[in-house]
Amino acid sequence: MNAESIRKLFLQVRSGKLSPDEAVNRLRHLPFEDLGFAKLDHHRALRAGMPEVVFGQRKTPAQLAQIFSRLTQRGGNILATHASPEQFAAVKKKVRNAQYREMARAIVLQRDSTKYGKGMIAVVSAGTSDIAVAEEAVVTAELMGNQVERLYDVGVAGIHRLLANRGTLTGARVVIVCAGMEGALPSVVGGLIGVPVIAVPTSVGYGAAFEGVAALLGMMNSCASNVSVVNIDNGFGAGYVASLINRL
Amino acid sequence: MNAESIRKLFLQVRSGKLSPDEAVNRLRHLPFEDLGFAKLDHHRALRAGMPEVVFGQRKTPAQLAQIFSRLTQRGGNILATHASPEQFAAVKKKVRNAQYREMARAIVLQRDSTKYGKGMIAVVSAGTSDIAVAEEAVVTAELMGNQVERLYDVGVAGIHRLLANRGTLTGARVVIVCAGMEGALPSVVGGLIGVPVIAVPTSVGYGAAFEGVAALLGMMNSCASNVSVVNIDNGFGAGYVASLINRL
Amino acid sequence: MNAESIRKLFLQVRSGKLSPDEAVNRLRHLPFEDLGFAKLDHHRALRAGMPEVVFGQRKTPAQLAQIFSRLTQRGGNILATHASPEQFAAVKKKVRNAQYREMARAIVLQRDSTKYGKGMIAVVSAGTSDIAVAEEAVVTAELMGNQVERLYDVGVAGIHRLLANRGTLTGARVVIVCAGMEGALPSVVGGLIGVPVIAVPTSVGYGAAFEGVAALLGMMNSCASNVSVVNIDNGFGAGYVASLINRL
Amino acid sequence: MNAESIRKLFLQVRSGKLSPDEAVNRLRHLPFEDLGFAKLDHHRALRAGMPEVVFGQRKTPAQLAQIFSRLTQRGGNILATHASPEQFAAVKKKVRNAQYREMARAIVLQRDSTKYGKGMIAVVSAGTSDIAVAEEAVVTAELMGNQVERLYDVGVAGIHRLLANRGTLTGARVVIVCAGMEGALPSVVGGLIGVPVIAVPTSVGYGAAFEGVAALLGMMNSCASNVSVVNIDNGFGAGYVASLINRL
Amino acid sequence: MNAESIRKLFLQVRSGKLSPDEAVNRLRHLPFEDLGFAKLDHHRALRAGMPEVVFGQRKTPAQLAQIFSRLTQRGGNILATHASPEQFAAVKKKVRNAQYREMARAIVLQRDSTKYGKGMIAVVSAGTSDIAVAEEAVVTAELMGNQVERLYDVGVAGIHRLLANRGTLTGARVVIVCAGMEGALPSVVGGLIGVPVIAVPTSVGYGAAFEGVAALLGMMNSCASNVSVVNIDNGFGAGYVASLINRL
Amino acid sequence: MNAESIRKLFLQVRSGKLSPDEAVNRLRHLPFEDLGFAKLDHHRALRAGMPEVVFGQRKTPAQLAQIFSRLTQRGGNILATHASPEQFAAVKKKVRNAQYREMARAIVLQRDSTKYGKGMIAVVSAGTSDIAVAEEAVVTAELMGNQVERLYDVGVAGIHRLLANRGTLTGARVVIVCAGMEGALPSVVGGLIGVPVIAVPTSVGYGAAFEGVAALLGMMNSCASNVSVVNIDNGFGAGYVASLINRL
Amino acid sequence: MNAESIRKLFLQVRSGKLSPDEAVNRLRHLPFEDLGFAKLDHHRALRAGMPEVVFGQRKTPAQLAQIFSRLTQRGGNILATHASPEQFAAVKKKVRNAQYREMARAIVLQRDSTKYGKGMIAVVSAGTSDIAVAEEAVVTAELMGNQVERLYDVGVAGIHRLLANRGTLTGARVVIVCAGMEGALPSVVGGLIGVPVIAVPTSVGYGAAFEGVAALLGMMNSCASNVSVVNIDNGFGAGYVASLINRL
Amino acid sequence: MNAESIRKLFLQVRSGKLSPDEAVNRLRHLPFEDLGFAKLDHHRALRAGMPEVVFGQRKTPAQLAQIFSRLTQRGGNILATHASPEQFAAVKKKVRNAQYREMARAIVLQRDSTKYGKGMIAVVSAGTSDIAVAEEAVVTAELMGNQVERLYDVGVAGIHRLLANRGTLTGARVVIVCAGMEGALPSVVGGLIGVPVIAVPTSVGYGAAFEGVAALLGMMNSCASNVSVVNIDNGFGAGYVASLINRL
């Protein structure tokens, strides 16, 4: 809970600036702010270095710009995922410093660049088509205050490329692995290192890849014990979980 | 077609030993022999070095012994797959030289040990639990006249074990890879070598392995282009396809 | 890699006790010990406090006892998962100090009780039927040197029970949540805390639970961003991942 | 059956206004009116306060307008679901008082505002994306004569928001819960109250949400015993069932 | 939120009895334990006529007998579902008045026979094989204080049998319909009546019935709007939901 | 609708014998009992040569014997499908002339051997393992008064065996084709002939055969236009449909 | 086998006109080309009243027009299914008498209106959305020379509408039933009549209808024994099978 | 393992040039970079006649043109699969000799026309809709230096067309079979010949074809032992595997 805001409330009550009844009423209205179609939870934003996150998909540029702009009134970083260039254009008009991370399809406003993560997070992708998902993980981890290193296009059918770069892996405190098709990379990476691996199945692949299901099943059944899995194409979730681990 | 048998028929007709009508009648009864519950195709057995194959499952020991025994009347090797020790006991009584390959659950009678295959077939397994399927492939390939080398317990979570033994892989003319769980091994193996890889998903695994479906999907989506796939647990099919390739 | 063993090899070579050729040969045989049916990777065991792990299922009591006994020759803890009372009886004869954790179906030999984990791991279960899986996670985390606290039978249909115990949750550095049926608990737990949640779908449930698939899908789609998932009923994997995180 | 209409028929026969043969003929043509492509069942409309319902999807604006207009000739409310703004424009030209409920994508003509329902129906949604489905349930329940209260954006990952508003829940006689992703909300709501919960899985979600299947399975496996489920995105069905219950 | 408790807190702060910091701390620990939640569970137990329910499956006879016996210490009815004759024998020794409802596989102790339900609940089954599930619904509804009428073996392939008995249907306040195979019966029943229908797919059927999945899908897609669905074979859930509705 | 009955009603009303209210009431109770429905079931039993059918599975020997015996009181043939030898023993004691068709797992009492079918029905099976299902179709068709010819073990991998026997196919008025594994045989048979083909997927096969699903999908997608499909292993259904067609 | 051809061969060998080796060689080349197969296709075209059928989908208007036009060079009817208005426009230019059946999306040229079918085929649809599929069945059956009667919008949720029209059903020699959603109609229809029912699942429905899969499963599991099933939306196949049956 | 490198290490230790600690350290960094792996990729490029392959899908024309152009700097053939006419236009501007194989949707630059394959590869397709996939296999095999023969439109419902052309099949060293719908053709082809068959399921079909899944399952369950399978629509993979086999 947002101790500071609540403490202020009590101080105002003690100093007589606020009646208890009014205070109860404010407390009731504190937690959720009303933007009309979505209640945003401020508590979340108060956690040190945690960015405000908006899911861009299915929102009009105007809607997204309004939400994004509103969020800037508090401090901290802001991240809009699954955002289109059109949405960015609308945001940009209201929030001059906002930037578009094209490959990740993310709009970011970075105002806090403290390093909250204790070590480095490696983000690994199997093929070039998995990079969009990997980049979403990268942006998320960066906005949450982590040093991130990329290791892309190191799929299992060319295992030497992965092995030649295992220095990056062994230097990481957490590793995110994005892979489509058979989803085999997390198992191989997991076997090479001793730190947690967050696996992200991607919807890359054809025919019996079934939009990421084959990769998801592959990862669920990983023979490496240090692998856990997030949803298909969920780069944000992987970046988020990895960031939490890296803060520990 | 069994040219020799038919040629004899014509010779008998020419020599007058057989009337044309009788010959037509015999021809009609030639192709399929009647064992009561299964018509066995003799044509198949006439291909040089091809073993007679019986599928043991759901047959009583007596039924299997009768079929197996009958097959010995012609030359060549005989293979009964999915065979139990009880079935073997029944076969052994009728066919003294029959042997039981316990891990493969196969009964074999090897009378022809010609090497029909031109090179070596490597049979690789990911884990110890995949060995039963791998052994069925081994037995099949051996009975079809191939030199076989095993490379077991080299799953992708300990990639160095596979790499330490890649000499076996590079010496092979065809490679069979058996793997359950995520079914990732064929991709890795396929990336290391330039010869055809026959992948066999096994029903090994738990939870979301779904009796081999996860491995099957993984293999169908292999990012290595030299991989083709046979049915779940179908060690026989893999050994058969690999043997055909090795004869070319 | 097992630096000490290799260093000894080099020392023996320098002192002339071993010829280089012999040393190469020994090195080749160092990594994998041969137990006949499974190559055990010693490297793994050398990581501080990491237990040796054997998967009990589909092994005869004699086989498991032999492997377990062999593993005792090195130091450290030993864990056999999916082990039956019969298997334990066989192990017990060879390894007097081995203990059976009945609910977890695990055989353990704990010789190292150093606390390698920096904080506490909370293991949460939705219903009483999920406890077997939860206990496997507990045993695994304990053998890997973690303080563990249980929070059982706090499913989402009685949300107040969970809330009344959220002190345990907020005191944890990592949380494992085991749930079958709709698999909703990880989302609720994830929303209450700010640390990583490892979700384990269990095969508990009837009808459209489909042996854990409903729970797995529920967890993959968790609306809480700090949740990642391991395979159905994979208490060991959850305990292992949580332990790695807790060591960071 | 429509007793009144039939009674009139008999009266006309008794009074000699109608011959028995003519009456039989009329009776035959009574039940179904012919609009060319759809037979509408008048019996249904005669139930007190039950609206006429048209499914808008895959109908041209002209077709929908014709049906809607025809239905106005009888009394009572009219509801067209899955209706587009274009369809509304066409309806509006023929039926001046028709209104468009944009979020619910419904065209309504409300002429009867009797409260047939005995209590209040609460309509709950997990996220902002579930609101379209929730609103369809709201419109349906309102047109069927119920008092409805909304409780939106109270998903399980922020359980305090739900708890802070449980007054609405405990005041309801029936509760409708719309949720996508893991579909966990009905279980939590069901555990908080003692009245029937109608769960509506929505197709909201990504990756392994499978267009609402994950939510559907989650709801089918609800650990709360007072939950029953309607089809994915079927807000109309939920509103209809809840209304029937509220009339009891 | 519990405004009164919080108001007291503010009053204590204003009066100086509590420092703001202490107040923040108390607030943090207040929310659930003291805000009425602990009472919620109590409230549940106090609901008039609600039976105690035990799920018998996977419990030993001794375990079930112990639980059942302990539950008798409070008043009210007791229901053990999925219970075997062996479990009943064990229960019977401890609880003399317990009875076994063989077809429903349920152990019951009925001490309260008040009629809490306002009308009659009809329980309909499509085939004779669905009766076990139907009987579980019957027992549940009876123990919860309802008048129940059975209408069995009225599947859609002999529609006249259903129609000949529609008096039972029209006399019901809620209807439960159990059907396997294609699960079509709820649609037909739903079309004949104007009250809520609770559909229960059963795992009866062969081949492509897929253990109740075909029936489940059929019911989810019912073209009758008054149908909602519970889990496969979940007779208890249907009886429970129907009872709640019948109390309204 | 039954115009005559209704006309009588109107006449009675006109003549004053019946009041309109009473007439409405009678009409309400008229529709089905008196409108020919009761006769429908009778009509069914009267259909010449239709056997009484009992589904044996999940019935005790005593139950089956009792039902079977009771059915003998009417004339005509009796067929019990999915019947075990134990069930037959019990039936045999009560019905001396009953016979057991072992391969079909059917108990039959044939008292009417009239040939109701106009032509011959060919029953084809792909492999020896499909014969049980094929035999059920044979028994059903024979008891319904058809001449049946078998064509077994003519799977598509040995297409010449099928072609060598196509005389049987071209002589048939309807063809039943039973096949497991890939379920390809109906397409091939369908392409060879111009009469209806009833395809029966069987649960024969391994791995990705999924208990008949692969065969079912294969048959649903048959590229031959004269193929329709019944449920997996449903030899009875195929025999029944084929018999109806053969009577036309 | 073609005994006569083979007999000639033997006669030639006996008479010395042919050497055995040459005979063997000829036999090898004999089987199919000379054994009646070439004639089989011809035979097909000669079957009285069978239309030429073209599948329109994925063909350009020009391609379809060219094929359609070429087919007119032989006599008989022509049917193009899945054809768009654009394709019809192109066909119309080349084939003046071609007609477009809009609801069925079919282009037809009917030059032979002989009634080849012996009775009437009833085509039944559950809802208005199933009519497109039903009309494809109607067109197919008509072009194949059958009298067809339609019975539309008689779904199971309003069973009285079906019953009121059962005269049409009982007058049919074969019945085609098209239904989406739960696919229950074929079971009900099947129970009312004694002739073969061809069931066509349609892709009509929402959510868990899964593009016709729910209806398909429902029909496969029909509790009426006279039902067989064709592929989803396959109105053509149903019309074709029904026509073959009606010619018998 | 690379014995020579390691042997040198030991020699250096024995000669005192290297301390044991330094040696351990070097060994740790040795394994992959220096043990021949870097050369592996080079080795790949050097394999005689292997084309460079680019996957065209999801690349802009400019991107594809740039990659294609760069690849021309090395010798050998170049193949871009899944390429659109727009992409070809862009490539053509940079690489004058590039050609577009329209049916295969492939851009090729053939500079090496050596025949590396020892025999002929037959590419078979079931229907005209499978030709796109078949042509991709043809182009791939041709660019890899094989003689290819096509055998199109020989589906199993017209088996005589396949049989009439079996000369092509029996002349092949490897056979590729592309089929959608029920995927039955590989089984029939496999039964006619004794060489390996590579089966390619295509996404051709409607309704329950499920975008190639029905064909995939059919092929996995092929009753012909010489069949292995690649992914749905993966003509490239089939051509690649067949080419590798044909080089052996």
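A, B, C, D, E, F, G and H label the chains in the order they appear, each numbered from 1.
By our rule, contacts are C-beta pairs under 8 Å (C-beta built on N, C-alpha and C of every residue); 3 or more make two chains touch, one makes a residue touch a chain.
Quick caveat, the model's predicted, so the values are computed rather than measured.
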Counting hops between chains that touch, how far apart are chain C and chain H?
1
Any chance you could check whether A-C or E-F wins on number of contacting C-beta pairs?
A-C
In terms of CA centroids, furthest away from chain F sits chain A
Any idea if chain G and chain H meet via the same residues, over half in common, or different ones?
different
Could you state the distance in Å from the CA-based centre of chain A to that of chain B?
50
Where the centres are mean C-alpha positions, what is the separation of chain A from chain E, in Å?
41
Calculate how many whole Å lie between the centre of chain B and the centre of chain H, each centre taken as the average of the chain's C-alpha atoms.
25
Quick one: report the Å distance separating chain C from chain G, using the average Cα coordinate of each chain.
59
Would you give the residues of chain G that are in contact with at least 2 other chains, written as numbers and ranges?
1, 31-32, 40, 158, 160, 163-164, 192, 206-209, 213, 216, 220-222, 231-232
Could you please write down every pair of chains that are in touch?
A-B, A-C, A-D, A-E, A-H, B-C, B-F, B-G, B-H, C-D, C-E, C-H, D-E, D-F, D-G, E-F, E-G, F-G, F-H, G-H
Under the stated contact criterion, what part of chain A meets chain E in this complex?
1, 3, 6-7, 10-11, 13-14, 16, 20-21, 23-24, 27-28
Interface with chain D, chain E side, in the complex: residues 1, 31-32, 40, 44, 47, 53, 118-119, 173-174, 194-196, 198, 216, 220-222, 225-232, 236-238, 240-241, 244-246, 248
Show me the residue ranges of chain H that touch chain F in the complex, using the header's touch definition.
126-127, 155-159, 163, 181-184, 187-188, 190-192, 205-210, 213-215, 217-224
Which of the residues in chain E come into contact with chain F in the complex?
129, 158, 160-161, 163-164, 206-209
Can you name the residues of chain D that touch chain G in the complex?
31-32, 37-39, 41, 58, 201, 203, 211-213, 216, 231-234
